[in-house]
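Sharing a structure, written as structure tokens. Questions coming.
Letters A, B and C mark the chains as written, and numbering starts fresh at 1 in each.
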């Protein structure tokens, strides 16, 4: 691995973790814990993004317990799809970022639902599980409720992540973008 | 002597990781609900005996809301034959499932927090270097652990700076979402600037050199560590074989 | 007397950072730096001093982006080729003004921080254990060996970062404002170390605005302006004339004296002429 990636990835993971603090301060019911992962995929390609996602999940597991390690698969999926988005100029405008964010949110939500149900019996983070509980009270079966709450949460979360990352990439000066060829393609400059 | 205090702190880093991995595997292989419950009790007992009682309490605190939700979702809201417990009725299969899953979460969380309380990044790096494994992978984990508090502090400083410039955080969801960009963009732009300097520094300090890295103070891999690791592997193998047998594989 | 070996050779080097840039950061620079020589790069902001160091280290344009023309040879290897970089591992010491960004990111103590590079290069542990305390002591930070680098002051951290390169005993030193975080005593200690390094046979190239202190250290000065070498000579000869302040370089007392002397030249032609005094005592003596 190049020194640039060895310098970039820990910082990107640290951003994944630090943004939780920002979200908390704003009182938003979001995670935004994949900003660093999506950014690294867009800047340096899918492999760097996948490593960022995996390291992110591993370090979070050190802090919060290894119970959530299976969700590393979702980080991998997000990283791969973000790289696909970048290759297709997915961050070139707010509209494109929004569209890709929705697509990735749907995909990540479905995978999260599968992991939530089969590994965790539908009980994961408190907020999402509370929504699941509410949906079962409204008549959905447990698998339906888990899927709906996972997809709903991830749609909103990943859309905002993609909009944020897109705005940041488009604001980068050309000299900075020049060091990251995938990012130039991502914003079509 | 390097390493954290206590038996777990003096164990070889790979031993602790093996134990956590073994507990996670056993949590799903052992027959539910008795297996996971006994596993949780065993992990708690071992944690207390090795002086890691605080990790037991911390794990229980993290798991408590999850336990409550498991009861509500699977037991109270579950299907099948029901039993009365006080004023509520619960699904018997749902209760068993909640008990098993709660015990799994508790066991893995407890083992994880014992690991984290005992984790010494320098020992971990030296253990990886001593084995000749990929130093870059270990570097990424340890560098992240060092960077995380710094970025957290930076995020807090940016928040205060933007607040001083008049950025409003309160109000409706739309306004709060709009506040995300001015709070996160400086963090990211600062990161990219620092990345260039750090990459150059890492290169000039030989991080991509072809030589295999010298461990500075490798932790001892004692007989007790090897016994523990092999024991964990044997337990997992036995549980896997039992599981396959129960599924009719042989 | 044997001719000193050429440690660093730039030939026809032109560097452009990006397509938006109207002027190159470096424009057709050719120069040689010999082993045992202390070369001082001096110039206004944007003159190209930092860029020259980055190119000499093989770090630009690879890490900065841009295009490079010309050739660079350091210690008989090309720092811009993979084979050259492998051959030069640990032999070029590159230090900038921002110590925090130069840390390894994984060291729990100052000792580990300084041992980071030798460990990466596969040095035997006995050699590392001997070299690290020596490097720390030379920078006057031996007592900090057990401290967490995150708890150090800016000046202490800069000394540790320099020690982390000093431990390797590089053949070429490339330093970009290395003393900006240091107090006066720290600066003097650093420059004494660099003088010893030059005596050991290393080539030392240092970009700095600190004309007051470097006047006594450097053997040679390259005055850069707009990416070219405007003047190449002995520091005293250059600073005692009009070239330095005409190229708007320097903000220290030496440069201020030169400007003052030059201003006093007008409108009285029979006033002060070069060579200008370079320190307060000489100025008092000259203008008494």
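Basically, contacts are C-beta pairs under 8 Å (C-beta built on N, C-alpha and C of every residue); 3 or more make two chains touch, one makes a residue touch a chain.
These numbers come from a predicted model, not from an experiment.
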Original post:
If you count the C-beta pairs in contact for each pair of chains, which pair comes out on top?
Top reply: A-B
Original post:
Quick one: which chain's Cα centre is the longest way from chain A's?
Top reply: C
**OP:** Please report how many Å separate the Cα centroid of chain A from that of chain C, as a whole number.
**Re:** 43
Subject >> Distance from chain B to chain A - Cα centre to Cα centre, in angstrom >> reply: 19
**OP:** Please list all residues of chain C that touch 2 or more other chains.
**Re:** 63-64, 105
Subject >> Residues of chain A touching at least two other chains >> reply: 4, 7, 10, 176, 179
**OP:** Name the residues of chain B that each touch 2 or more other chains.
**Re:** 139, 143, 146-147, 150, 194, 196, 198-200, 202-203, 207
Original post:
Of all residues in chain A, which touch chain C in the complex?
Top reply: 4, 7, 10, 174-176, 178-179
Subject >> chain B partner contacts - residues on chain C that touch it in the complex >> reply: 54, 57, 59, 63-64, 85-86, 89-90, 92-94, 96, 98, 101-108, 112, 115-125, 128, 150, 164-165
Subject >> Residue ranges of chain A in contact with chain B within the complex >> reply: 1-4, 6-15, 17-19, 21-23, 25-28, 32, 35, 39, 51, 55-56, 58-59, 61-67, 69, 120-123, 126, 129-130, 132-133, 136-137, 142, 160, 164, 167-168, 171-172, 176, 179
Original post:
Touching chain A in the complex: which residues of chain C?
Top reply: 17-20, 63-66, 105
**OP:** Report the residues of chain B in contact with chain C in the complex, numbered from low to high.
**Re:** 121-122, 125, 129, 139, 142-143, 146-147, 150, 194, 196-207, 209-216
